[in-house]
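Have a look at this one before I ask anything.
The letters A, B and C name the chains in turn, as written, and every chain counts its residues from 1.
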Amino acid sequence: MGGLTQTLLGGIGSGAIYGLMGLSFALIFGKLKICSYLNGDLSILAAYLCFWSFTLWHVEPFITAVVLCPLFFLIGYFVQTVFLKKFMAMEIWQGRYQSQIMVTWGIGICIMALEYMLWTATYRTMGVSYRNSVVRMGDIAVPYVDIWAFVVMLVVLVGVNLLLKKTTLGISLRACSNDRVSAMLSGINYQRVCAVTFGISAVIAVIAGLFYTLTSQVTPAVGVDLTFKGWMAVIIGGMGSLGGSIVAGIIMGLVEALTSYFWLPALKEVVLFVGLLILLIVKPSGLFSKSR
Amino acid sequence: MAFGGMELFSGINLSFEKDKVYGIIGTNGSGKTTLFNIICGVLTPTHGQVFYEGNEVTGMKPWQLSRKGIGRCFQMVKPFNSLTPYENARVARSSAGHYSKGEEKFSLDEIMELTGLKDKRNIVTSELSLPDKKNTEIARALACNPKIMLFDEVSCGLSGEEIYARMDLMRKIADYGISIIVIEHIMMFIKEICDEVVVLHAGSIISSGDPSVVAQDPKVIEAYLGGRKL
Amino acid sequence: MKNNKLRPYIIAGLIAIAAYMVLLFGSDGGYLSNFIVYVCLFIIASQGWNLLGGYVGEISFGHAVFWGIGAYTVGLPIGYDLNISPLLLAFAGAAVAALFAWIISYPLLRVRGFPFLVGTYGLGVVFEKVFVASPKLFATKGVFVANDLNRFFLHGMIFVLMIVVTVGVKWLTDKDLGLRFKAVRDVPEAAEMVGVNIYHTKTAALVIGAFLCGLAGGLYVLYSGFINPTTAFDSSVSISILMGPYIGGIGTVLGTVFGTSIVIAIQEWARSALPFTGGQHMALGLLLIIIMMVSREGLFPGLRKLALKLSGKTKDKTKEKKAA
């Protein structure tokens, strides 16, 4: 029994990372209909930078992440203003989503290629001292990192919600999400709102990457994997609901953990995607979508 | 023969008879387009039923209804932009029109002629002007072999002359034995072409009957001009 | 009118055939000949992808699944030493892929956009993992598909099939069904209003596309003589399939031919010129970004627009001259 509880807790830990990835997509897709496919690669880039600074200079990864946040905010801002801006005014029939997906995906491939060049395809493990330290509760051992991931995920969720509800940026963002043209007519700089939101989404990706590198082994190809897991969380959570994608991420983590526990770790993705297909048959709009 | 009958919004019954031109007017938000969406199957009414040619069609999908002979033009034009007007009509003829083979009232060439797109039939629709885009939509709806056509504010955004052309076109369509329901804001338009008019206000019918009579109805005037203030 | 429309295709076809003859007899089945075969195979698969991705507008990241199904339908019976004609198997593989596409369309195509994209990617992952984990399906060892087909015959057949498929797709997209594909892509709600069943239309595109991908996959195995989960189902195969239409011109038949040739050529070039890991990815990623930023519709429509612009200008000039 203890083993199962242990597994479930581990699942919540990795689920928190998927939830964060999902949140970073849900924020830009749900609110602004920007379709990005590079956040997973940004995460892994951040993970590698944390790894690098730790192995070369023994910098605490959490500190590196704090430094990386503004940097990645700028990267996100830059990607939106330089690459995605010209697709924002396009209608869907003109291939708006296709173009966005392809550009961001192209950037993602380039980031991945860069990682291959700098760090090769070897699986990297960051040897921080607290990696294996655990909190013991009876016969259950919960890794510190998992607890941290979960707490940080909740903090990010609350933070993003506060940002949306309380700040001027959040209010303009919601205005743009409701009606782009009216928002622009009332003096909101639409492109800037988009760019800032993309930046925030990139920062969330950094946080997900930080915890990924603390809990798992990193290789460049994981970026695409994280991207798709994040999008899965968005779909399961109901296309753009922020809380929904977090919950969906945790469910995904649990499904993976349970598959590894009862069956084969190699088949966890298989079960996950088959589950997604079943969900699409039963409830195509996702678990937590507001019914229209 | 009862052509259609429905319970709308708040316990109202509305029926349209064959071979007539109906006008629907009403203030913004009175539910005109919602009514169209229910007839076309885009929206399924929460309660109440829709009948068409004596059969219940509530909850049918738009593509099923269009195969039965309901054609529609949108308020905001939505032609297939990467196709030419002729191809737009071809899509409709091969899809919805396919289910009423042998009953075609006109061939595709006649439709092009009728809607005045004969010279522009091979130009990609996204490069056409707004009136021609609207014509393309009418051509597309006609190619479905409709028995009833719904026009949602086809005069919106057109100049006076173009509106007259549109009225002529509608009369011609009616002459072919196709029933028509139009949503319009322009009273002159309604008076010219409609046999009967229904006035919607806040989701209920406040008046219906002959256009010139309805126009004098104090309730209609109140709804449009805000009677108390006058 | 009609002749004018056909002329560029005929000229392109003649040039291609001439070039092909020179290469085939000049290089005697060496490196270049292999390269041409791979290009042709990926063109067949890309045309299949293009039906759904380009004409209906549903991007799939998992057409490698159909490619792989076609490949394994050829590979498994041969791996188990069953005595079945390999060519028959290749076409059977295409049929199996189409059948699978028809089944999978039920969950995947009922929703528009991202669920489809993510679902198709997931499908690729599922197939790769299942094949890797099953020793009965030869796991990571893969299958060596020995066959006594004449390589020149195979080469010629693949080339002819490529042309047949390209012309066939062009023909199909000018038919009513092809017009319906575009109608669904342009305005789905209006397409429904003229009696188009969106789900059936998309399924048709997916199934025909899967047939072509499966055919290409089966022939790939016959030509290369080896198949394992990575060469069958990996996302890099999907990427090779979908990059061509994007680079060349999504929703155009000739663009797909050019685009796929360019993509495979770049991959080959990067393999020798950028021998470090990631070199290929970098080249393709940069190409994709540049194409999307410069000419969003792809190289072929972009060039056509440019040509129209230039010829338009020259026409204006002649008019001016006449006026003067």
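Please note the rule applied: a contact is a pair of C-beta atoms (placed from the backbone, for glycine too) under 8 Å apart; a residue touches a chain by one contact, two chains touch by 3 or more.
Note that the coordinates shown come from a computational prediction; the quantities given were computed from them, not determined experimentally.
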{"item": "Pair of chains ranked first by number of touching C-beta pairs", "value": "A-C"}
{"item": "Taking each chain's C-alpha mean as its centre, the one farthest from subunit B", "value": "A"}
{"item": "Inter-centroid spacing, subunit B versus subunit A (mean Cα positions, whole Å)", "value": "47"}
{"item": "Averaged-CA centre spacing for the pair subunit C and subunit A, given as whole angstrom", "value": "31"}
{"item": "Inter-chain centre distance, subunit B versus subunit C - centres from mean C-alpha coordinates, in Å", "value": "43"}
{"item": "Shared interface positions of subunit C, touching two or more other chains", "value": "185-187"}
{"item": "Shared interface positions of subunit A, touching two or more other chains", "value": "93"}
{"item": "Set of subunit B residues in contact with two or more other chains", "value": "81"}
{"item": "Subunit C - residues contacting subunit A, complex", "value": "57, 59, 104, 106-108, 110-111, 113-115, 117-119, 121-123, 125-126, 129-130, 132-133, 185-187, 235, 246, 250, 276-282, 284-289, 292-293, 296"}
{"item": "Subunit C residues touching subunit B - in the complex, by the definition given at the top", "value": "176, 179-180, 182-183, 185-187, 189-198, 251"}
{"item": "Interfacial residue positions of subunit A with respect to subunit C in the complex", "value": "29, 35, 83, 86-87, 93, 95, 97-99, 101-103, 105-110, 112-117, 120-121, 220, 224, 228, 231-232, 234-235, 239, 264, 266-267, 269-270, 272-274, 276-278, 280-281, 284-285"}
{"item": "Subunit B residues touching subunit C - in the complex, by the definition given at the top", "value": "40, 42, 61-63, 66-67, 71-72, 74, 78-83, 87-88, 90-92, 94-99, 137, 140-141, 143-144"}
